[in-house]
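Scrolling down, you'll hit the structures one after another.
Note that subunit A is present in both complexes that follow, paired respectively with subunit B and with subunit C.
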Partner chain A sequence: MRDEQILDVTDLTLRFGADKSGQGGLLAVNNVSFGLNRQETLSIVGESGSGKTTIGRCIARLYEPNAGQITFRSEGGEVDLTHMSKAELRPIRQQIQMLFQDPNASLNSRMRIGDLVAEPLNIHRIGTPAERRDRVVSLLERVGLGADTVNRYPHQLSGGQRQRVGIARALTVSPRLLICDEPVSALDVSVQAQVLNLLRDLQDEMGLSYIFVSHDLGVVDYISDRVMVLYLGTIMELATRDDLFAAPAHPYTRALLDAMPSRRDGRHRKRKVLTGEIAGPTLKRQGCVFAGRCPHATDLCQREAPVLRPWARNPATSVACHHADALDLSTEETTI
Partner chain B sequence: MTDTVSNTPATAAPAAEAPLAEHNYQLLSVRQLMWRKFLANRLAVLSALVLILLYLATIFAGFVAPYGPQNGKSRLSYAPPTPIQFCDDAGCSLRPFVHPVKAERSPVTFLLEFVADEEVREYIYFFERGDSYKVLGLVTSDLHLFGLRSDDARIALLGHDQRGRDLFSRIVYGGQVSLTVGLIGVLIMVMLGAVIGALSGYYGGWFDNFVQRFIETLRVFPEIPLWMALSAAIPPLWPPEWVYAGIVVVLAFLGWTGLAREVRGLTLSLKKRDFVMAAEASGASTGWIMRKHLIPNMLSHIIVTATLAVPVTILGESALSFLGIGVRPPMISWGLLLSDAFKVQVIALYPWMLFPAAFIFITVLAFNFLGDGLRDMVDPFS
Partner chain C sequence: MTLLSVQGLHTHYHVEQGTLRAVDDVSFEIAEGETVGVVGESGCGKSVTARSIMGLLPRRIGEIAAGEIRFAARGGTLDLAQQDPLGPVMRDIRGNDIGMIFQEPMTSLNPVYTIGAQIVEAIRLHSDLSKADAWAKAEQLLERVGINEPARRAKQYPHAFSGGMRQRAMIAMALSSDPRLLIADEPTTAVDVTVEAQILALLEELKRERNMALMLITHDLNVVGEIADRVIVMYLGRVVETTTAARVFDDPKHPYTRGLLASLPSLGRRTRLTPIEGTVPGPHQRPAGCPFAPRCAQATEKCNTQPPTFRIDAETSVACWLYDDAEAGHA
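The block that comes next holds the complex of A and B.
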């Protein structure tokens, strides 16, 4: 079961404010392709504005992509999410649920927890009111909240508890795929771990697949099976978690890893910090999107955009860099 | 490589999180918080009480008013307010009384002057029988809050009008028009404004554009001339009740635009919020999102705006009636009563004819304070 693909995204492109021919505007997602296996966690990492949240929202069809296919496979067969009307999508929505970054904003402050968790059930008219209530209570208990929580309002809960409510809410309709949009970045570090553990346990219990959007590599390292590194809406590297953290193939991945705070041996490490800013996504592109900030960039990088292809040194890793085969990025370059 | 990654202690169990806090202040619902916030605003509470009194007096106008609205004695034309006394030359009494008045021509000024007949005491009785009336058009009664037993003397707390009718009674009856115009008018405004505003904000596009331009067009006209033009279009032969309905519609038709704009803005900001996105991702229909998320979150703001729109409508009706194009006799409204005080001469000689203005003033002020209080209340977390 585990290797069965549940989601297949091909050439996904989204421009905000594009004209009718699908050109112009802000290129948020650029020809992104990836697959997701059953019970797998794929993390999408990148800086702010790299389009990671946008990809998640495209899959949940909160945004309409301009091009590409999103194929979703479930017991009911294979469907292309990009070509479905709202009415056709409704049954599929049960199988794809979302977990939002800020549990404060994603829970309607005027609804009781019980109503919030039951909302997906109510929307899809699943079960009798009594069955719904039982389901809500059992899910709340599963995520570590008492049954008495149902009568409370979101503002009466802590951030961690609210995010648990968000998780319970997403799970009421027994989804196959959960899109987690930075689900722990608004939480305290101690609470983050609890929520991550809960997500991991639930994945095993319910056979969930996760798309995990995050900018926190520590969290990504903890929860992912595979990691996709995004820069300006373009995939830089797609690798298993272990490969990515042990031997990054792309200079940008290296830079992200270097930017990570480390606790190792209590030694202070001089960090190699990227200079410059993420380029404006509205600019006309030529060459590699990362070329402007890449320490290894050459004329070729400025001229021609690299395509995502298997890395010569480890074919399981895909990388979009002209010089990936030549560069050795496995050691931290700047250690004291 | 996992061990190089720092900030993810993987060992803490979910149970370690603090149990739900047991403090009382955390267990207050949003509603309770709002209620507290409202009670803290003394002026708003006072205004609410004043308004409740005014509306109660309006519902039970026949009971509160000692006389029927058309019951007048021409010999008491423009007689001043009757002083209520407990003592006179003959001694004191626990029961208040009034002296009957007689009109006499002053030998100096040749004006009619009202002279109290100090020999006669007319006692004021509570829950006294008098003119018959109907409560809410259903129950017939002749019980009055207070009144005199004799028909020779009359009690007029706020004086008499030209035809010798009790101004206080007429003001109480006038409230039936003036106070309900505000409420019914605003009700129509809220329905128009909220629905059009919400649709305009939610769907956007050409519909939004069209609605907004239409609203702008309506708003560039100066209000009073437009009211006048529209109410002048009400046929003069309509029965007074129809004219009343017509005035309400005219006022509401011009008043919904502000609310529509506010609701549109709120919808625009709410529809981008995560919880609406979450409902959408769960497959909620537009109707569901409107019903369960948008409207409940906007309701408090709509109530505030509506409360603040009530005095505007009341003033509008008063202005129209004052100018003689609002409600017509035999209906009574505060604006219509004020139109009797149109002449400087009347104000100079019979200043009590301005009392209806005081009622308008108090009502408008009370609604404004109440609106302010509600505005504080709807944001209980601030």
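The block that comes next holds the complex of A and C.
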């Protein structure tokens, strides 16, 4: 079952403010391709402005991509999400749900929790009113909230409880794919762990697939099967979690790992820090998007953009770097 | 030498629903040139503690109800808790002796003045430098905090700066008077991880070159492990544990500190996280005894009474009945 691919994204490109021919504007997602299996968690990591949220929103068709294909496979067969009308998308939307970072912003503050969780059932006209009520209560209980939560309003709940409501609401229509956009970033550490464990348990119980957008590599290491590292809308590296954290192939991945704060064991760790900040996405591009900050960049990197291809040392990892085969990043730290 | 000594601090917020004990009998010390991390989840009172020191409590709502905040200012040691927060003494302390930076620099920077003008304002409030000299100093400070082309950048408005550069500009402003203590309230929470690493490295450098003490308020234990010497762990307005940055990871004492570590996803950790049960109670549902008892797996009947602070040794003290065979003392 787990080998069954449910999502296949090919050459996804999105330009905000593009002209009619699909050119110009701001290149937010640049030729991104990946697949996702049933019951798999693929994390998308990168700094702000890297396009990680935008990819998730393209898959949910909250944004219209300019090019590329998003193939979604369900019991009903195979569909291309990029070329469907709003009406055709409606039944598919039951199967692809989103979970947002800020449950305050995504829950209507004037609706009771019971109505909020029942809303997707009403929209998709699923079940009788009595069945809907039962489903709402059983889901609230499953995510760890009491049946009495039904009559409360969002402001009466804590941040962690509100995120649980967001999860219950996304699950009412029995989706196959959940797009989680920084779902635990706004939560305190102790509550964050509760929600992460809940997401893991629900995945096993319901066979859910997750696209997990996060900037926190510790969380990503905990929850993912595979990880995509994104920089300025472009995939730098796509690898299994174990490979990525043990032996990163791309200098940017290495830099992200080095930047993680960690204890220094009683000595002053002379820490190496990546200089500069992520550039604006409107800059004219030539060469590798990361070349400006890369300690290993050469003339070739300034001139020519590397393509994403299997890494010679571990073909299971895909990497977009001219020098990936020659560099040994396993132990070194990025220089100041 | 002790720079700051907070003893038995109680800060109350008077709100519609009654009086809120935001900081409840907090004691700690910061030595000259030392980095102390204050950690805890939202609502634990870490920011209110900082605001109490700075005299920045909201007017008519926040009040220091009891306690001492002794600070070794350049002009002699003062009890900041006794000063009028709006008076000349506190104004002088805030500009000259203690600097503060906040989580979101955009809310502390004025969008309609250039970065340079705002730093010049800070400089001239506390010195008699001429405008031209103050401007030159502002450019030097911007250069020192790692902003390229400081002369050009000083003439720009905050919106032209990225998040990381704004935080650097705030640090430049806080440094303008050469403070002996810098209070940083979640300085890296709103920035990307690569920028966070840059800001932490900068703070560490500045602090070493100026022998400045740093009080770093954060919810992220990993940040504390990265740069702090000592750690204060707070829960519901109380200090539950004071220890060294190394020990907080190797030998945490208080069940809450242990719970935080067990909840913390970090690189290489693959075992299931064990979260602390429940949530931080609302400020009006403060438990009668130990504030952590309702969520604590090791709680006993004894915990219905607030535990005193037990001193384990010179470096570690903990407010938990599990350690009552150790000698009771003050942190």
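The working rule: the second predicted complex is superposed on the first by the 323 of 336 C-alpha atoms of A that agree within 3 Å, B and C clash if a C-alpha of one lies under 4 Å from a C-alpha of the other, contacts with A are read in each partner's own complex, and residues count from 1 in each chain.
Here is the rule we go by: a residue touches a chain if its C-beta (ideal position, glycine included) is under 8 Å from a C-beta of that chain, and two chains touch if they have at least 3 such contacts.
These numbers come from a predicted model, not from an experiment.
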For A:221, is the partner it touches subunit B (first), subunit C (second), both, or none of the two (neither)? both
Could you say whether A:231 touches subunit B, subunit C, both of them, or neither, answering first, second, both or neither? neither
Thinking of the overlay built on chain A, is A:290 touched by subunit B (first), by subunit C (second), by both, or by neither? neither
Quick one: is A:245 in contact with subunit B, with subunit C, with both, or with neither? Answer first, second, both or neither. both
Figure out whether A:47 sits in contact with subunit B (first) or subunit C (second), or with both, or with neither. second
Any idea whether subunit B or subunit C touches more of subunit A? B
Applying the touch criterion given at the start, work out whether A:260 contacts subunit B, subunit C, both or neither, answering first, second, both or neither. both
Return first, second, both or neither, reflecting whether A:161 touches subunit B, subunit C, both chains, or no partner chain. both
For A:193, decide between first (touching subunit B), second (touching subunit C), both and neither. both
Quick one: classify A:60 as touching subunit B (first), subunit C (second), both or neither. first
For subunit A, which residues belong to both interfaces, subunit B and subunit C? 158, 160-161, 189-194, 196-197, 216-219, 221-222, 245, 260-264
Touching subunit B in the complex: which residues of subunit A? 57, 60-62, 89-91, 93-94, 96-98, 100-102, 105-111, 119-120, 123-124, 143-144, 146, 148-149, 152-153, 155-158, 160-161, 164, 166, 169, 173, 189-194, 196-198, 216-219, 221-222, 242, 245-246, 260-264
Which residues, counting only subunit A, touch subunit C once they are in their complex? 47-48, 158, 160-161, 188-194, 196-197, 200, 215-219, 221-223, 245, 255-266, 269, 271, 273-275, 277-278, 336
Touching subunit A in the complex, subunit C uses residues 41-42, 162-165, 192-198, 200-201, 219-223, 225-227, 245-246, 249, 259-260, 262-270, 272-276, 279-280
Considering the complex alone, what residue numbers of subunit B touch subunit A? 1-21, 26-27, 29-30, 273-275, 277-285, 288, 292-293, 296-297, 381
